[in-house]
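My questions all concern the structure below.
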Amino acid sequence: MTAIEKSVAELASLVGGHVVGDGAVIIRRVASLSAASAGEIAYLEDEKFLQTAEESKASCVITREKLAIDTPCRIEVKNPKLAFALIAEVLHPPKQRAPEIHSSAVIAADAKIGKDVFIGAFVCIGEGSSVGDRTQIRAGAKIGDAVTIGDDCVIHPNVFLEDGVTVGNRVILHAGVVIGTDGFGYVRAEMGYHKFPQIGTVLIEDDVELGANTTVDRGALGRTRIGKGTKLDNMVHVGHNCDIGERVVIAAQTGISGSVTIENDCVIGGQVGFGDHIRVLSGAVIGSKAGVLPGKIVRPGVWWGIPIQPLDEYKRLNAHLSRVPHIREELKELQARVKELAQELRKHNE
Amino acid sequence: MTAIEKSVAELASLVGGHVVGDGAVIIRRVASLSAASAGEIAYLEDEKFLQTAEESKASCVITREKLAIDTPCRIEVKNPKLAFALIAEVLHPPKQRAPEIHSSAVIAADAKIGKDVFIGAFVCIGEGSSVGDRTQIRAGAKIGDAVTIGDDCVIHPNVFLEDGVTVGNRVILHAGVVIGTDGFGYVRAEMGYHKFPQIGTVLIEDDVELGANTTVDRGALGRTRIGKGTKLDNMVHVGHNCDIGERVVIAAQTGISGSVTIENDCVIGGQVGFGDHIRVLSGAVIGSKAGVLPGKIVRPGVWWGIPIQPLDEYKRLNAHLSRVPHIREELKELQARVKELAQELRKHNE
Amino acid sequence: MTAIEKSVAELASLVGGHVVGDGAVIIRRVASLSAASAGEIAYLEDEKFLQTAEESKASCVITREKLAIDTPCRIEVKNPKLAFALIAEVLHPPKQRAPEIHSSAVIAADAKIGKDVFIGAFVCIGEGSSVGDRTQIRAGAKIGDAVTIGDDCVIHPNVFLEDGVTVGNRVILHAGVVIGTDGFGYVRAEMGYHKFPQIGTVLIEDDVELGANTTVDRGALGRTRIGKGTKLDNMVHVGHNCDIGERVVIAAQTGISGSVTIENDCVIGGQVGFGDHIRVLSGAVIGSKAGVLPGKIVRPGVWWGIPIQPLDEYKRLNAHLSRVPHIREELKELQARVKELAQELRKHNE
């Protein structure tokens, strides 16, 4: 990989920033404030690290506007962390493998393969499937029949896409992702379980990223969807017929039962559990390890606990609960006091 | 895939149902009430959807017996959802790949391969292993040495079966399933951990289905077993020496420590955690996200919470706990009242 | 696999034990007390199983020193379970595959492959990578570019190591492990999320073992590390920039967010969730299903619950909480009693 070089002035212009210092300084890498060395750019987000930034060996530091700081060279912007991410996209673009179809790949005769595609060793692509331009399908990925994959995707090693799955443009599927397997639905008969039909589809929209070993089941009769720009961490489970909106973020190991709707722009922590037929309204934030009961409608706001409550109420109730030992003591004291009073009164009455 | 066509009369006879309307109508697919169109059959489970059923464009609706409903054609049965599942099995049978052994597959010389078997690209089958008739082993699955796989199984892509694992008939293993890895057992010595021997086996009985990326460890010294007709969802972890009975259902991301016994016909929710050496008695139902302490015996009934309690008790205690803020207020009021009384009494005594 | 045979005297000498009985007896396998038969050795850990040991058909039983027990032959040691594990290492060594590089493997021209290495079918090894002596890389494992793997490792089927990952000596990676994928970090912009750079590395030190389908993300800018002798169970998630120390044990399905430090010799249960930027100090033990809030410092001791509390406090508070229904009753009684007193007093005053 040949290194990319940009001047501070070029990077500032890229992010709409203002250079304070020498715009001709050359930058080759992003780094953290404390680990950076010459040729690297870092960013300062939280001003409690101001001293770290001043002592940093970075050739340039990205800061917020009009910050009182002593550095040899910096770029001032509104959102330093975002600018840092945008600069990193330029200096460290995702690896673009040279177009190639490995001789060991098994590709159906009628599969449509776009331009400048990379297909690694031991990949399978089934009948009637199509792969968009510049998409990379890495070693060992298995693509079923009638699968559609858009442009500029990266399908990492050992991913599996079952028959009929549709994947948009610029989608990243990390290693071990499984999409389109049968959902978990059975009907109990006298002698055991019969599979409820699992014959629907899956739609993964543009700019989605799914973490390693995440699984997305196909719809039972309808469709499972993951909306544009949504990001799932490792080992998330998405059940049949879920409808996850756009720009949703879901942290690792969260499990979503069948027919759950999560609207646009929700943020879901790790290890959260959703019962089936829940609707999470746009703008809701659900804390890690929360549990949401089946059928629940979750309104905008911050939610916490098992089952979920508004974070404020959760905190308030927990503060009360932590006082229960004290309540027991006070109750005992009061019981004793009442007994005394009763005795006093009785004495008085005698 | 050539479509399968059946008349309503044929389907009714298949499920022991009674036709109300024209039995000659042709059906090609199952669908939901709201999405169905001509040539499709749907079912009505819950009568709150009666109007949806009456407005459905399905060519036939399956309903319970003697239901007052206005549809052009329907099949009356005792259990509409079960009938729907059985009809779906006929109209949408699992994909039966044409028998083939892909030229890239690496199969040990002494492996026994049954009749009409499908073995996909990049499959490995080790020494002394056997594969039953009509079993499908899809691309990239890895079968170790001395593995026995029965008839009519579907082993999906990238599954791994370690040496010595036994799999019954009609077993479905979804993509990424791992069976027979070492269990998690160590003995602490002065300078670190030594592996406790993990040299046992795994038995997966007939009609089991395991979800994507589920893992089942081998027995340490004995055997890990998953009983006939049991269904596990995605990313379930089954530890060494577990004995899971018949017709057990376990939802996604549940984790089962070593040496746990779950008897026949139990139902376990998602994200449940089991400590080791637990015994769950036949007929127990454990709610999602529950935690079961090591060594516990779980009796029939519905269980909930961390650690588990009978659902009734869990609900009752939680109702009480939600009253704690109120208790604190009442206690304060009572303290004030007692103070008043004391003052009154004192005044009176003066 | 040819069976290994050792005399009881040889085994006793191996573990520094003392033979009581005939040291010439031949042992071929380890087994549990109840399942053992002739030629097998078992161990007695807990004296409540003394009778089981006396009735065992094992040819030899390992016990603690100077135990009053009636067996034909035994080995006395300080730590019977550890001795059993050490003997099992000798009688049941991990399978050592004969050195081979399978003809289907795709290995970069400049990759360095050590002596006596096993490389299975459909393995890929990328540019600039190196594999140490006697290491086994099983079928379907995918090794990226610039990956370093030490000596005597076992990389099980379908493992994926991303570019730049470093793995020490004697490391065991079970099937489906994924190391070095992008961490989960985004910066929100107006129209959606931008990836925070994920360009760091992963270091897996000597003697680490990772369970099936476990995932370890690369550092965002720095490094993710798993220290010497540490053992992770199945489906553990390790986020970007985590630093897991030496001899740490983590049970199945635990999730660790970014930038968490877990110091040496900690023990972590299953399904635990860690927020980001936590530091767990050496010697802490965290119970299964616990939740640790972001930024927390966890001191040595035993911790439990969501959020974690010292186990003692957790138990005490829970005992108090279980008394809440009783508190409500007592409070009601006291309210009634105070009312009576008030009436008595009023009557008296009249």
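Letters are used for the chains, namely A, B and C, taken in the order the chains are written, and counting of residues starts over at 1 for each.
We take it that a residue touches a chain if its C-beta (ideal position, glycine included) is under 8 Å from a C-beta of that chain, and two chains touch if they have at least 3 such contacts.
These figures come from a predicted structure and were not determined experimentally.
Novice: Pick same or different for copies chain B and chain C, depending on whether their interface residues overlap by over half.
Specialist: The interface of chain B with chain C is built from mostly unshared positions.
Novice: Just how much do you need to spin chain A so its Cα atoms sit on those of chain B, in degrees to the nearest 5?
Specialist: Resulting rotation angle: about 120 degrees.
Novice: Take the average of all CA coordinates in chain B, do the same for chain C, and state the distance between these two points in whole angstrom.
Specialist: Each chain reduced to its C-alpha mean, chain B and chain C end up 26 Å apart.
Novice: Quick check: what residues of chain B touch more than one other chain, meaning two or more?
Specialist: Residues 104, 122, 140, 158, 176, 213, 235, 253, 271, 321, 324, 327, 331, 334, 338, 341, 345, 348 of chain B each touch two or more of the other chains.
Novice: Write out the stretch or stretches of chain C touching chain B in their complex.
Specialist: Of all residues in chain C, those touching chain B are 30-32, 35, 79, 81-82, 84-86, 88-89, 92, 95, 102, 104, 120-122, 138-140, 156-158, 172, 174-176, 207, 209, 211-213, 228-229, 231, 233-235, 246-247, 249, 251-253, 270-271, 288-289, 321-322, 324-325, 327-328, 331, 334-335, 338, 341-342, 345, 348-349.
Novice: Can you list the residues on chain B that touch chain C in the complex?
Specialist: 104, 106, 122, 124, 140, 142, 158, 160, 162-163, 176, 178, 181-182, 184, 186-189, 192-197, 199, 213, 215, 217, 221-222, 235, 237, 239, 253, 255, 257, 271, 273, 275, 291, 306, 316-317, 320-321, 323-324, 327, 330-331, 334, 337-338, 341, 344-345, 348
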